[in-house]
Amino acid sequence: MFGIWGHKQAAEITYYGLHALQHRGQDGAGLVTADGENLSFHRGQGLVNDVFQRADFKKLSGHGAIGHVRNLSHDQGTVGNVQPLLFHSQAGSMALAHQGLLSNAHEIRGKLEKTGSIFQTTTDTEVLAHLIKSIDPLPSEDSIADSLNKLDGSYSFIILTEDKLYAALDPHGSRPLSIGKLGDSYVIASESCAFDIIGASYEREVLPGELVVIDDQGIKSRRFAERQGRKINAMEYIYYSRPDSNINGINVHAARKRTGIALAKEAPVEADVVTGIPDSSISAAIGYAEQSGLPYEMGVIKNRYVGRTFIQPSAELREQGIKIKLSPVRGIVQGKRVVMIDDSIVRGTTSKRIIQMLRDAGAKEVHVRIAAPPMKYECQYGAVEEELIAAKMSVDEICETIGADSLAFLSVDGLESAVVGKSSFEQGMSMKCFTGESSF
Amino acid sequence: MFGIWGHKQAAEITYYGLHALQHRGQDGAGLVTADGENLSFHRGQGLVNDVFQRADFKKLSGHGAIGHVRNLSHDQGTVGNVQPLLFHSQAGSMALAHQGLLSNAHEIRGKLEKTGSIFQTTTDTEVLAHLIKSIDPLPSEDSIADSLNKLDGSYSFIILTEDKLYAALDPHGSRPLSIGKLGDSYVIASESCAFDIIGASYEREVLPGELVVIDDQGIKSRRFAERQGRKINAMEYIYYSRPDSNINGINVHAARKRTGIALAKEAPVEADVVTGIPDSSISAAIGYAEQSGLPYEMGVIKNRYVGRTFIQPSAELREQGIKIKLSPVRGIVQGKRVVMIDDSIVRGTTSKRIIQMLRDAGAKEVHVRIAAPPMKYECQYGAVEEELIAAKMSVDEICETIGADSLAFLSVDGLESAVVGKSSFEQGMSMKCFTGESSF
Amino acid sequence: MFGIWGHKQAAEITYYGLHALQHRGQDGAGLVTADGENLSFHRGQGLVNDVFQRADFKKLSGHGAIGHVRNLSHDQGTVGNVQPLLFHSQAGSMALAHQGLLSNAHEIRGKLEKTGSIFQTTTDTEVLAHLIKSIDPLPSEDSIADSLNKLDGSYSFIILTEDKLYAALDPHGSRPLSIGKLGDSYVIASESCAFDIIGASYEREVLPGELVVIDDQGIKSRRFAERQGRKINAMEYIYYSRPDSNINGINVHAARKRTGIALAKEAPVEADVVTGIPDSSISAAIGYAEQSGLPYEMGVIKNRYVGRTFIQPSAELREQGIKIKLSPVRGIVQGKRVVMIDDSIVRGTTSKRIIQMLRDAGAKEVHVRIAAPPMKYECQYGAVEEELIAAKMSVDEICETIGADSLAFLSVDGLESAVVGKSSFEQGMSMKCFTGESSF
Amino acid sequence: MFGIWGHKQAAEITYYGLHALQHRGQDGAGLVTADGENLSFHRGQGLVNDVFQRADFKKLSGHGAIGHVRNLSHDQGTVGNVQPLLFHSQAGSMALAHQGLLSNAHEIRGKLEKTGSIFQTTTDTEVLAHLIKSIDPLPSEDSIADSLNKLDGSYSFIILTEDKLYAALDPHGSRPLSIGKLGDSYVIASESCAFDIIGASYEREVLPGELVVIDDQGIKSRRFAERQGRKINAMEYIYYSRPDSNINGINVHAARKRTGIALAKEAPVEADVVTGIPDSSISAAIGYAEQSGLPYEMGVIKNRYVGRTFIQPSAELREQGIKIKLSPVRGIVQGKRVVMIDDSIVRGTTSKRIIQMLRDAGAKEVHVRIAAPPMKYECQYGAVEEELIAAKMSVDEICETIGADSLAFLSVDGLESAVVGKSSFEQGMSMKCFTGESSF
């Protein structure tokens, strides 16, 4: 999710910002621009690269823009659900981009439909648009603030009208949302890595319960709800964000490396080499290696060229041992006792496969260390609860199931102190996936 | 370059093998199969993923196959030059794949054209085909061996006829070429990483001056030229090959890490963090960090999603600081003295840009360490001599030009002992890019 | 516009029906299916061939379907405006396809937006959906009939819900809309040629002011408005429909041939050959030739292969005489006095160009005969009034402007008696483009 | 097949020329340009529209060009066989385009391969290139003339070198090949319709046994073989060429219309309407109608939008009566005795299907009249002999097989006198498909 106001190449800048955020959604991308009088718009299914062509920018005129990348796996995967959503009316147009999960969306939608409202998507995002429009067809700071107040759950929104850019964060600040500056223009992004790619400087976080309004007169801020203690979802640090981003001021690579260091202290093991599962577990593996004094090596490698059009091997070939996404590095693991660092075990099937792969390549022992606690509860980033192996098995049972020589997870306290140090009102994490306790 | 004989899914296996070798050529890919009576064929421009569709395999029948990936930058970039080249005749067909550089190709071609030969490509590969066919329209072990003997330069060839697969390596063994087994089938690959992806076991190297012949009766070997001391091009270890490959028995990641260790010994520096330029310099950077006791950190990150269809920023946006391929990680480098490890300096422009990027992101000092000697001489892997900055400047001048606080290169001896230990008849490198001395 | 209920391959049948109707809209196509519980949907920009792939039919399950082809030239050309429009709600879904022009759409939309309604398209079609939903979120026969009653202008609608297919026609029946049978299934189509392609039999016309309801129990009919005298837009016969269609029971080719016969009686001329401008004027030209006793010849030919991706010639090449869409047949017209039959003169530029082309090819005289009256008034099928040459000039002036040796139009009475014989309550045409008199 | 010399937009002009010739080959298209020093080249599979993009013209520089469209059905359908074929050598390059069938190609190729020649295609065209190159690597007027003399069969060639354009026709002139002028430039085309599209004037035919040479000095002509009596393949007039072309001076539409007139005299029938099978039989049907006094009507219509990407109906739907390419016009044929004019009966299956379709649409009687003699012998334009129904059955048997009420063919004499009047040395047809007698 990215927004900019006050730049004559707003659409192109947003395109590059979305590139930096591509890991946050790979199924669809969209972009809406504002030129003071009209909103223009382009979106499509696939990666940012696939969705936009040079020629598309001709119609995307204006000095304001917002963009979004989306995973559609849990939705009906139609292009109509790709964001930003765009709404035209005779009074004024409005575009919305959203990240989060609204817990009362279904209920609000049901009420609105009974009074004749027609929804164009199956996303929870759209209820905010209808709430705003039901107050006044012309969107305003007041109607947006009032409408946000009716939402429950976790959310960050960027809204664009013909002449204004709005950004808002839920009262717990469960998602990252940062403000930057590029020359005289203001930029908003889900992650700070989008500032680095465009050469923008970081200014500050959007605060929990804050509505930021940016237009040709500059930036204004108002509170639409009482601010609660900061509870960023822990998964943002563990695997969702890019290592080069700062999330609420904390560098993700450094945080992950610290989880590896903590893990080496909590769960040491006698071994020859440490390896991480690419890409998200490399930082933790380096931390584990540094702390343990063991050498960090590339025991597993990721094939960079396996893309969307890749032809999947037949069952027969898979049985014969074709490895597509990850390959073991025989020259590294052969005859070695390997510590394999990963960021999570969801169903256990991937871990089992990789361990077998390492053994087939000659590893003498495979010790699995997970740089996070066991994922026992359903959360937006993971799988449904019935699929989570840690919801059903003890650590020993998991170890046996995946075929490791030993297995250990980082403790909840260890995770917290590695990432945020000591939790505070300003700085804290939601541990819902691990403890089941919601802050909301 | 990949080949297989004796597998009923020869084409699919070759497809996965080419995936593992994709880094060796990204502009075109091709595949030829043999079913005992006919050769079938598919090729195209672009990545392996783009060139092949599921449906293409229907026509690629047979239990033998060879495939190739190609960089076309230095050729006329037409699909006609994508390999394997395929030649039909009433006597028998033949397909050729080649890696290397034939120094007497132009001369041979001129002679053949004067006697009426018509060439279909502008590649040097094709002269071998004409030499073979001018001896006998039906290719044979003898005519191939005789024709190889007329070639000068560096080369590795895989040749496919209706009923045989041939593999050959020049007398100095300047290129890697390995033999593996997949069940009862023999496989040939430029790099051993192609064996890991398909689950094949490594058998041995093709030897310098050896012609290997594989058919339904098994594998045979003959020498077509006197074997010389092994002189693998050093660039195969330094940046060209994949870290998970073993090149002439030496793991590439491990070799690179050892160059980093040697570099830390030869050129230590007081600093806070060590970072490597992705992807090829990460292993050396980890070695440098281990040896120096400094922490290894991700100071520079590579955008994984910048593909072929990526829209290049305008000059105006580039001036405003848009970074596309590599981004600095402000959270890591800000206020730090950074050791930046790279594998080469070619023109110096990229180094200069990255150093400036790190300074803009707040790095206090940037010390550049190159895990190879200065590249002073034209070689197939680099640029033409006029473009090589090290051909024109001293190390101090380069340091000033690229704007580093200090600069050091690994010595030629340091490189050699880090990679191959002590050179031998069996194990050695061509250092032509660095010393100008050719082994040929 | 096409619909079917009660066929297990509803989507495929609709695909073929849309092919037959392709001439009615070439910028976009869409298809919605109903399986009793859900609506599924696919649409895109371009020809039917471009929009649908074999794989799309997998998701288009169900025994009911509606489809639409669309010209987007006068709309904002986004895929969001391609029909059928689809609306989901918790109470029930609904898809709409429409042909016609609603004269009070803007006014209704303004009212609905003031009470919070959000429109997803810029088409007039969408107001009907909002009217229906504002009565009851669950669409029904009653709410559809009531909503239709609020519309002014010309319209034909096909509506699909999870378990029903509706078809409706405005009280004047200004558009063609026919009912057919394919085995036990009912089909609805804008033109009867869609029945011929799928092998369906023709049953009857949807009547002016009628709402037809088809479901698993069969077909029902109700009147939602007082039926007025039939006023099919004359342009449907003159150029819009396919020659093989029956429009309100009258074959289009035969009607056009009769206009040619009438034209030969009203405006004979001494000449050598009669030629028609392909494709829509061929029938009239054959009629003119038969009546006049002159031979019908192919004096002008249409290039069949000029498609959407055709590269337009540069201005320079156009001046040098490149002819792309139509070419003169020198072997036919050289030295001849040619009667050139066309169905309309809009701006006059095309006529002028063709006449010049015929003269360049050696025609001695070119006599233009138009098988319809002068188009003097704006209508949905033509251009805006300022562009119509007949709104600004006399017939003599037009003749001089286009460079013809003589020019004549068919009279309004001649057109009427040629097409429908004697007008009646059951059978009549709207002549609005020619007389400016609206029936509505 | 098209060529031009001396025009600064040679590539674009050739592109439009190939459009006009698209009906002569729909599986592949190619274009080679010459700028005095180099040949440039683009080709691909599919229609001209699909193969060329605007950007391709940037590299196609030069004032000379040749182009070709190709049917690949009877070849191995690879892009390598798409013409023009292009041959580079150190002495000089050469591009060839060919239409025809060389009867001794296999034999010549065998001889050349035995002396070491490598062929790059499976086309017979390539033997001419090898013959020329075996005389001298630098192509010349003499070596081309000598090489043409070694060929047997029917052929027309266009050849392009860096600085010359050559055109040649076999001694019997079995193919059409015309010379035109566009300003000061010379153009060559298989059919004169390519001159009309680009606004060129017709000059004359290439004569049997003539080699025309065009360069910056103008046009020259020499005879490479004794001229024989002109024997254009009759199929060029009957169905292969476009109706607007003049073939050896005779307009194709007019010739076909005369065959219809002759057919009406030879085989009259009592009926209500005459209809032709689109597109190639329309002219003959109009002639039959004029002569017989029966009205010409559109009893069968062709769907214009069924393209390459069209989804074929399943067997089940086909049985249910889906008609894709041709539809009957119920409004025309219902209750009528129909004369159905076609240009040929090959296997009989298509005729049978159309007759049944007309009966299903209500035709009372269907009388089939073919505007050519029975096709009894294999020829390049038709099918292999075993498939030809007229090679195995009498006219009565065919009539019964296809289910017609009556059937008649035009006589060989009737065809000849309708098309060329009285045969002469200058003007004549090869009737090989009908009589089995070859002129060669």
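Each chain gets a letter, A, B, C and D, in the order it is written, and its residues are counted from 1.
Definition applied: contacts are C-beta pairs under 8 Å (C-beta built on N, C-alpha and C of every residue); 3 or more make two chains touch, one makes a residue touch a chain.
Remember, it's a predicted structure, so these values are computed and weren't measured experimentally.
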Under the touch definition above, the chains in contact with both chain A and chain B are none
At what distance in angstrom does the C-alpha mean of chain D lie from that of chain C?
-> 36
Inter-chain centre distance, chain B versus chain C - centres from mean C-alpha coordinates, in Å = 61
Distance in whole angstrom between the CA centres of chain A and chain C is 49
Chain C touches at least 2 other chains through residues none
Could you classify the connectivity of these chains, where an edge means two chains touch, as line, ring, star, complete or other?
-> ring
What are the touching chain pairs in this one?
-> A-B, A-C, B-D, C-D
Once bound in the complex, which stretches of chain C touch chain A?
-> 41, 78, 87-91, 109-110, 113-120, 122, 129-130, 133-135, 137
Contact footprint of chain C on chain D as seen in their complex = 9, 12-13, 15-16, 19-20, 22-23, 47-50, 52-54, 57, 182-183, 192-193, 196-199, 202, 242-246, 250-254, 257, 279, 283, 286, 290, 295-298, 301, 303-311, 313-314, 316-317, 320-324, 327-332, 360-361
